[in-house]
Amino acid sequence: MKLEYTVFGESHGPAVGVVVENLPSGVPIDPDFISREMNRRRAKGDGLSTPRVEADAPKILSGVFEGKTTGTPLCAIIQNGNTRSADYDRTKNLARPSHADFTGFVRYQGYNDYRGGGHFSGRLTAPLVFAGAVAKLALRERGIFVGAHILQLGSQKDVPFSPTTLTQNAFETLAEKDFTVLDDEAGERMKALVQEARMNLTSVGGIIQCAVIGMPCGVGSPDKDNLEGIIARNIFRVPAVKGIEFGLGFGFASAYGHEVNDQMRMDNGRVVTETNYNGGILGGISNGMPIVFQVVIKPTSSISREQKTVDLATMQDSTLVVKGRHDPCILSRASVVVESATALSVLEALS
Amino acid sequence: MKLEYTVFGESHGPAVGVVVENLPSGVPIDPDFISREMNRRRAKGDGLSTPRVEADAPKILSGVFEGKTTGTPLCAIIQNGNTRSADYDRTKNLARPSHADFTGFVRYQGYNDYRGGGHFSGRLTAPLVFAGAVAKLALRERGIFVGAHILQLGSQKDVPFSPTTLTQNAFETLAEKDFTVLDDEAGERMKALVQEARMNLTSVGGIIQCAVIGMPCGVGSPDKDNLEGIIARNIFRVPAVKGIEFGLGFGFASAYGHEVNDQMRMDNGRVVTETNYNGGILGGISNGMPIVFQVVIKPTSSISREQKTVDLATMQDSTLVVKGRHDPCILSRASVVVESATALSVLEALS
Amino acid sequence: MKLEYTVFGESHGPAVGVVVENLPSGVPIDPDFISREMNRRRAKGDGLSTPRVEADAPKILSGVFEGKTTGTPLCAIIQNGNTRSADYDRTKNLARPSHADFTGFVRYQGYNDYRGGGHFSGRLTAPLVFAGAVAKLALRERGIFVGAHILQLGSQKDVPFSPTTLTQNAFETLAEKDFTVLDDEAGERMKALVQEARMNLTSVGGIIQCAVIGMPCGVGSPDKDNLEGIIARNIFRVPAVKGIEFGLGFGFASAYGHEVNDQMRMDNGRVVTETNYNGGILGGISNGMPIVFQVVIKPTSSISREQKTVDLATMQDSTLVVKGRHDPCILSRASVVVESATALSVLEALS
Amino acid sequence: MKLEYTVFGESHGPAVGVVVENLPSGVPIDPDFISREMNRRRAKGDGLSTPRVEADAPKILSGVFEGKTTGTPLCAIIQNGNTRSADYDRTKNLARPSHADFTGFVRYQGYNDYRGGGHFSGRLTAPLVFAGAVAKLALRERGIFVGAHILQLGSQKDVPFSPTTLTQNAFETLAEKDFTVLDDEAGERMKALVQEARMNLTSVGGIIQCAVIGMPCGVGSPDKDNLEGIIARNIFRVPAVKGIEFGLGFGFASAYGHEVNDQMRMDNGRVVTETNYNGGILGGISNGMPIVFQVVIKPTSSISREQKTVDLATMQDSTLVVKGRHDPCILSRASVVVESATALSVLEALS
């Protein structure tokens, strides 16, 4: 039965949370692992992200018994606290450019909770990370692991994953880092770039590269259950994502077939490819190589510069300088979020 | 009720086809329009694509009465003919590198129809284009139009769509062209590049840019019915697609927020954005601007050079030189295919 | 976008709850109405139902802002309290005959929370009633109302709804009653029958008749979105339901066509039927007449007589006398539960 | 991945057919078995059913290769022939009472194909039986078998299945009969009753009892994938069905718990129940006993007596005497149809 997850909550409501249906039964809920994952997403108050620091301890309400998943719907919630709604009241009718303020207003006919972005807030990624942590624990039982790093932040680039020789160790090392890059010097340059953006009252985007190892061959479908499609659909549910590419991705546009076909051979009784330009998926089905893909995250839309906008109450032109606590860059927190949506997608494809 | 489509068939089976559920009732089926669309996808035998030229006349079996959609499931089939299965028999156990031969074999436990790629064949895009044509006719009734062009083919680039001033006329002009580019000189360079690839026994990839105009504001959701997610999931069902990006897409990675936020203003009582870097979607919901996105298509995997592969019958290393009729580049046929998956996605989001 | 609801929780876990996706925006959440509905389901401690009486005040965590639904996922939870898990520990491995103890054990590989029936507990109907109350508020905005009564309890029968002349008033009167029957004398006989069953250490079943008025014509489909199918699927998610029939239902088996065809005529510009043997649905689509159906509820399986069973720990034959607090009959609480699943189904069909 | 089926076509269109997604791979397509199943549904021209006798040979278009299912979408069609549309033109605007003529007209805004009932025709059960036959072949590989008989026809009753001792042999014997009853003398009385109904220009209903043996324990869920719910949803997609009950069904209403609880014991290492009042399902999950349920089929609505109706073109009162070829009773053809929807449901639950 198909795994599905539903994230609920609003930034300034009582709580945010998630329900996950059709998890496997008997998965041990490792609280240390979940804490670590939640901590990876948490704003550090280190100048790189929003000063809104919260405890973010998820409370499991259902679906876990004696430390293991039951298989019935698992619900966990995270209380909201430390909200400063007043920051938003002053500008509640002024839609932030490039934010969902306007589209949410239209979609929900003005009934949406506008405070702190409401249901569109990045805060909703906290329960997603919790659900992703549970999914990773379930995948771990099958020898499947998920990892991600910041491949690019503004003009600065990390070294890419090696798509044929990825190991669980590499993921562990990344997960322990405060700033998830393979090349720490590139990481320092990225951090400097974020600080510079903050000084300039602007924000900056980047690319997360994510990978899955241990994936069995033959999972997915060319049709509705296309593995690339399942992952993409869930990745686009992450706020600020504007694109996804598998393997060489947009690099295929200027490539010739003979350069990028992944030639095959036997390796200890297993079919492997010598290169992995296709990122582990062919015809919507896993081929047993690491799944590798890139996700682009746009610059945070909430910046403290004057921008032209529209007053949704009067439908008049206006201008806006966004106040409140906002990340100039969410890349440092996005790796674990992308990993989480990926882990849930892979478990869905396997379910 | 939610529109869904299912494409069925194998390249060398009796027929390929499609069923579309929950179409609107009363949509006039314009046979000339459908012919034009089918013709746009058809191989021209002009050296740019496979010499397998077929009539591809879809036969409607259900869901249309007195020239209009009924709203009950619409099925159309296209007979297969002109198949040369013998081309494939000789190499049936040799998986083509970067093709779904191997993953399909594993997924379907060796029971898949391997001839001509079977269910993974590009031939399956013919019924998709038919279904897309019907979807376009339904969207036309609501003032919504879909168009696409080859933005890039190998190293050659077309001029991009202007994301704020797109018109239906531009789409009409493109649809009439044999080679869907805005800049015909760029088109000639692309064609030359394809011929060169053919001579070199290789293939080449590219990028399709697709747009939707007339889209009402407020369609989609940040959650499971995310508009970017719906489009992405269906686009990945198109063979050879390896990535999708909306608006500026991967360009957001090196951009600053103040440069790429789409500032807003009123225009004749309607909210518009001055730029459209977000490609018409914010928070998974349409904002009323043109939806613009890019799709990368990898080089055709079937090339006539010797490649290392594996014999699926013996599970031994082997080599393969692909014979048979194969496009060195499918970009010239891909515009209408991407448009079709898009039209069906938009109609799904509206259903 | 399709309304869906997910009920979560276990009887003796921290909380039970529900998430409802794709509710309409702007539905006023009337707390008095919700209280009344919750109260209708609540055990009264009157000897007719379980002595476990709880406050059952649902706490809304998301999806409501300034007293109205936002349209984003609505989550509400009800804390569990007053649990006496010890009642269950003594017999935890002894599967109650005709209960889901055994099937849940197998389905969830022994990882299910067995205490108090866990996820299979009737306690899970509390959040269902909350969600149903919200759905009723949304339907009320469209002039659609749902009501139910106990048509039969053991050998005692209430008068049936008149399927052509049902009014909202009838529903209001029923909802105010402690014991939802049209004929209060029949109600007294039913109560006596329940007390007798309790004395005899047994339990008794019955039939709930449910109706929907104000339903527009043309909702549903002969196919996957069949209106009878949507209602049936959700009704079977209610514990202890073993059958559903629309209109004359199983009475059709011994009827002749000319007796039970619903003849038609115009009435104030509207098509009506003179009888309503079909219960308001033809070909899976509403015909504008009241929707009327019956649901059979089996006798509570937990009875305090010795029964043969199996010890799931040792897989040996055993016997069981169920202890703990159990309703001898859940019919008095089932009307509002059936109404709730119905209201959610109708809103789903309309979404 | 979830099995789904879509039936398409209209009674007087070019063809009817079905697409089945996510079938298991490698299921041998036994043409004799499929013929037998199709033949069981076919009108015999024996006075018991419509004189419209057709060849009904399904043509497989996809999803089968070298005699086995591939696992990709399987489409089969059945050409329509022997249609006498003129029968319908004369009365096209007169909605048949208790038929979907009126609801279909509203649902599809008058664009539905009204000829012969169009998409609502019993003709659509032919491709359903084909799909069901394929599902039965897939279930057979797992030792699961489905059978059905006419439990009641008007006032005449067959003996019921023994819910604890059902065998595959019983199903085989039934499938070979022209008239699927266990007690052939009851069958003769039923046939006489149908002839009498025909003479009286009326029609008659009945009950099909269906069973599944070999079902593994633990399949289903108390939630969205409730096994009773899955079966019910698909059974209501069969035309003329007005109710479904599992096991004792509506008989539970007047039963006491101690009478109808299914006590349990070990039997050769397997948990069995001594009785099977619950029809093999508890808490929405199979318990390993035979699944047994009853489906009520209403009398055919098309009768040749004058009935009051409405003219859909003028929205005026009118009267109608239905002409054309119609079954006075569809029970003799319904057993295999109910079995088919059941086989597909069980395979869905297992997928």
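Points worth noting:
By letter and in written order, the chains are A, B, C and D; residue numbering begins at 1 in each of them.
The definition used in the following text is that a contact is a pair of C-beta atoms (placed from the backbone, for glycine too) under 8 Å apart; a residue touches a chain by one contact, two chains touch by 3 or more.
Keep in mind that this is a model prediction, so the values were computed, not measured.
Of the two chain pairs examined here, A-D and C-D, it is C-D that is joined by more C-beta pairs in contact. When each chain is reduced to the average of its Cα atoms, A sits farthest from subunit D. Centres computed as Cα averages put subunit A at a distance of 46 Å from subunit D.
Work out the mean CA point of subunit C and of subunit D, and you get 27 Å between them. Residue positions of subunit C with contacts to 2 or more other chains are 6-7, 21, 72-73, 107, 119, 221-224.
On the side of subunit D, the complex with subunit C involves touching residues 4, 6-7, 95, 97-100, 102-104, 106-107, 119-120, 152-155, 197, 200-207, 217-224, 226, 228-230, 232-234, 236-237, 239, 241-250, 252-266, 269, 271, 273-274, 277-279, 281-287, 294, 296-301, 303, 305, 307-310, 315-317, 328. Per the touch definition, subunit D reaches subunit B in the complex via residues 6-10, 13-17, 19, 21, 25-26, 59-63, 65, 68-75, 77, 107-113, 118-119. Within the complex, the subunit A residues that touch subunit D are 1-2, 21-22, 72-73, 221-225.
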